[in-house]
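Next up: some structures, all given as structure tokens.
Paired with chain B in one complex and with chain C in the other, chain A is shared by the two complexes that follow.
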Partner chain A sequence: MTATIATTDALAVEDLTISYGAGIPVVTGVDLRVGPGEILGVIGESGCGKSSIGFAVLGLLPASAVVDADRLDVGSHGMLEADEADWNQVRGRVASMVFQEPMSALNPCMRVGAQIAEVLLVHGLADKQAAHARALELLRMVQVPEPELRAKQFPHQMSGGMRQRIVIAMAMAANPRLLVADEPTTALDVTVQAQILDLLDRMRRETGAGVLLISHDLGVIAQTCDRVVVMYAGEIVEEGEPAEVLARPSHPYTAALVASIPTTTTPARQDLPMIPGGVRDADRATAGCRFAARCAFATERCASPQALVEIAPTHTARCWRSAELDLTTTTEATA
Partner chain B sequence: MTLTDLSLTPRPEAAADPLMVLNGIRQEFPAAGGRTVHALDGVTLEVQRGETLGIVGESGCGKSTLARAALLLRRPTAGEIRFDGKDALAMRGGRLRAHRRRAQMVFQDPNDSLDPRYKVLRSVMEPLLAAGVPRGEAKQRALAALEAVGAPDGAADRFPHEFSGGQRQRIAIARAIATEPELVILDEPTSALDVSIQSQILNLLLELQESKQLTYMFISHNLAVIRHLSHRVAVMYLGRVVEVGPAAQVLADPLHPYTAALLSAVPDPDAGPRERIILQGDPPSPTQRAAGCAFASRCWLATEQCRTEAPPLVHTDVAANPTGGHLVACHRPGEGQEALRLGLHPASSTTV
Partner chain C sequence: MAKYLAKRLGAALLVLFALSLLSFGMVRLMPGDPALQYLNIDNPDPTQLDQIRAELGLDAPWYSQYLSWLGGVLHGDFGQSLTKSADIGTMLADRFPVSLQLAVVAVLVGLLIGLPSGVVSAVRQGTPLDAVIRGGSFVALSVPAFAIAAVVIMINAFTLKLPLIGYTPWSVSPISSILSLLAPALILSLAMSAVVSRYSRGTVLDTLSQDYIRTARSKGVPTGRIVRGHALRNALIPVTTVVGIQLAALIGGTVVIENVFAIPGMGSMLIEAINSSDYPTIQACVLVLGACFVLINLVVDLLYPVIDPRVRAS
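For the complex of A and B:
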């Protein structure tokens, strides 16, 4: 760890709600905290709101989105009342983003060295010469071989893994406090994915940036994150350390999600446990448990509102029955 | 997963009479500058009746090209395809149409096989009509296929866009099984789906294989899914098969260093701290055909022999069962996994 590491959180969000017009909110009551150098994983299936959170903390949601929160601190910047000019000061400098598709984050007509340098020039953090020197330094940091040569190349001359390294170099250019990575390895092969996850891990250790890692891949989350939040239908249903949450889930949705994925220990060629049905609009609007309609353990009590309750000092779950259900055994028995 | 698990063993009578034999398949494409892309560099595989042959490898390894060649969607540059003992590449006209009925495909994106302007029934009937089935009978069989895959009631009269991704993939599967094929090639059928939907589709595929005696060639980059479905697994790298054998053996005791690296790279939520091989660099361009082993440029075990002499795909004494059909193309078989086990790999790192 270097001396540049700040003591303030990289991200602090309280009671975040995101909605579009008068529609049902896509995210409700989300609290998140990413410490310096910490990787917080956000996991969930399509439509659970995980990407909306990533966009919201960078002020990237479309104008039609209504963001409401008690607190939205990015680094030391309170962004609750921020306008576009404020966000422009923060984006790329205090917080930056790595997307799933590196090609859509890169300008196809611009040499990659210049694209990295542009981040520093736009924020007035360096003159042209210093920015280019820093670009080469960043290319070395993300382990791009032959940085002088690569800096002069265009994105199309590179492989997918190399492009994602360039995007990470751009994101890290201004030494941000927070890196939001939305499915950063989903478009990559597994051997390249391993390289990129390794790189993210090294970056946060070396720079002290906190990482919000959004993924649908339980394996990626388990391998990379310090803490994980599980999202379902727009709210957090469980939070804790990945090893704990995935091995001893306390919410039936987490347990069902873990069980439905074939792994090295799943008996081959036998039925996988399924989660019946899908998320309906009515589930998002209910005051009670949003998973109840699909839950094997639902009771009448599940219709009433419930908070995230502590299971262990670093583990919370939003389920009335978490204390009485042994979901570890359930997962193994049905797997 | 144990070797004694009967469901992992292909039907024994099948071995002598494979459903499909691919022999020395080469697929070349012209590339810029007069170069040639060697997408398939001499692939030889057998597909046994009733089995699932998993094909695993990373993007650009040729697995989808192999699927298209096997179904004659694109004729290979060289090689031989025998289907049920007959030379498939020699088929033309009516015989070819009759053959197509017997071998079908499911794509990653269901929209690739469903016309957005057609109602579902028409898309599912299409292969039947192409095979010469009379319209009335085709309709009955299409409806039966939709029912077999668990499509929602009334699906036949609706348009693809009215369905979720998972339901659309069910419909694409209905289209593939409508002609009652013997072979279904599945190219990443669950890669675009959420994990809870993926398990529904995997369960459906297992159920259909049992009830309709289907043979699957299952292509995926997802080793966990391959492991779950396959009796046998073939690992491809840069247009070549580097390892093939019973799934339990290949995935538990890989003999090729690439397979070992691939397996160790997969983040597994169940696995505790473990050694992991992080391969350096990317696969070389398929325009540069390697004289030796295709993996030599990234292999930490590579010797001069590996760089100059292509290893044949053969049985080795290193395999748990040296005559059990576990083949590997490597001059130093088994050493990669052994090094990983002993923690001797220089580029490995322990992760949680």
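For the complex of A and C:
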């Protein structure tokens, strides 16, 4: 199967803000760009808004969510004013999603082959016979053994890793430009995790689809992504290439995240390093640094707003003190 | 699969056995002397009573009475009625099809109203239509069938004057037989449709919030197709159980409606038997109605693997 590698971005988002009703926005001023064949990682702790972004770029947020942006391009489709019918044209065909829970993401009463073929049938891309043949081809592509047999099976007859392969096959069925993967390996065994990440990596190389990989696992991000965006309390605090960002973090939050990973050299029975406190609603409403309340390096200046500033040509961070702090020392355990 | 079948069948047989013991024992524990009832005279002669007891087999110990009764039942012989000088098996053969016909028509009508309204109510959750359906089902569930029946008969008597009361046997004419049961079946189906409507609304709502529905949305499947293709089947699996229970309950639980519409069914047969302490008839009715529950539940259990692939596998 030959895929034409497009040159336009798979995803371009500018100044994205997501809020629920009149509450404090859960995501503010987020700019994202995923190039063709690129994997952009989004990392952050629970509640930082990373999953909301994933759902927003597929129009899958609940009706109570208010999405506001200057630009929301999925492939070449501007989706700012899109209604449900417009989204149904884009979802599955231009952009698709891989979910966190492979155990519940598939319909228990439908054969998996039919669930894959449905993508093509819904979008009128194939007739029944061709869709079935394509489903088998996709199963082969995601390395499911005995595709003819598996296609006739139901989800409960498969392991979690196998089901995630099915979900990926489904997501890739119509050759989408963008694949949103929301914690695709969190529910899986470590050995299966690596296989699924390899598969995602291979898929984007073979099809040229851009991938928005959402994770809270630094290891996953470091292993797979071309660029990484670190989110804290609804905004981007640091962005760059994973090797650079993880080795020389320029925002104290990133540094603390890196430092909190236990390694084989972490002495036994020693308390694991952690970031004290948690994200409060008030932090998302402050004009200054949202991490200041938990930051060991906070000063008075941190109360005033700060933009993302360039640290290196492909590396930006949102911290007043990034130039004077040397955060690499706190992370040597993981270097 | 074969193990599943064997397990269900075994359980059903066990319940039937327990049921026979229960219906036999229950009648023995009721106050009143069947021999007295049988003679039906004041101050009977004690020797005459003893003679009657011997004749009815009441002088034997309870277990031998039970065994001879059970033996008869297994051969299709339910014994003689004490008060009607009729064979109970023949009475059942007359009455049971009437009740079954009434219950089946009521369930079909109930499903026809209940399922679509429940599904629509769930898909249009929070709209005025949802409120109307929920309100309607609340009323249908709250007003007893006999009250509706009385009102229907009264209004009919003043206006259309349709022949609502009475029953035409199937053997006379199937069509007029079904028509003769239509009014009571409709009234019985109201409560049933309310139950099904409320229940299926719940299961559809529950299903629509499942992860795989979100997956379907992420594939670009439009809402209508999601409901038909993904939600309905999953949502209707638990509804089968409710329908089975309702069907079984309707076969014996229609006493009042049978009275109002003068329908010779199982309900009225059982009530007459209880009122006259006709213990072999009571026993037979309880056993047959209980067997209906067991049988219908067995059918539902056997239907489950057909409609739910997860049960088929395990």
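One rule holds for everything that comes next: the second predicted complex is superposed on the first by the 321 of 335 C-alpha atoms of A that agree within 3 Å, B and C clash if a C-alpha of one lies under 4 Å from a C-alpha of the other, contacts with A are read in each partner's own complex, and residues count from 1 in each chain.
In the analysis below, a residue touches a chain if its C-beta (ideal position, glycine included) is under 8 Å from a C-beta of that chain, and two chains touch if they have at least 3 such contacts.
Quick caveat, the model's predicted, so the values are computed rather than measured.
For the composite obtained by overlaying on chain A, chain B and chain C can both be accommodated side by side without a clash. Once chain A of one complex is fitted onto chain A of the other, the partner contacts of A:263 are limited to chain B, with no touch recorded for chain C. In the overlay built on the shared chain, the residue A:216 is in contact with chain B alone; chain C does not reach it. Put simply, more of the residues of chain A are touched by B, taking chain B and chain C as the two choices. Judged by the touch definition given at the top, the superposed model places A:291 against neither chain B nor chain C.
For the superposed model, the angle subtended at the Cα centre of chain A by chain B and chain C works out to 70 degrees in steps of 10.
In the superposed model, A:104 lies in contact with chain C only, and not with chain B. Residue contacts after overlaying the shared chain place A:170 against chain C, while chain B stays out of touching range.
The minimum CA-CA separation between chain B and chain C in the overlaid arrangement is 7 Å, rounded to the whole angstrom.
Comparing the two interfaces of chain A, the one with chain B and the one with chain C have no residue in common. Considering their complex, residues 210-212, 214-223, 225, 229-230, 233-234, 237, 307-310, 313 of chain C touch chain A.
Chain A contributes residues 58, 60, 84-85, 87-93, 96-97, 99, 101, 104-110, 118-119, 122-123, 154, 156-157, 167, 170-171 to its touches with chain C in the complex. Across the interface of their complex, chain A is touched by residues 1, 5, 7-8, 52, 58-59, 164, 194-196, 198-200, 202-203, 206, 221, 223-225, 227-231, 247-248, 261-262, 265-271, 276, 278-279, 281-282, 349, 351-352 of chain B. Chain contact summary for the complex, chain A toward chain B: residues 45-46, 145, 159-162, 189-195, 197-198, 216-224, 242-243, 246, 256-258, 260-275, 278.
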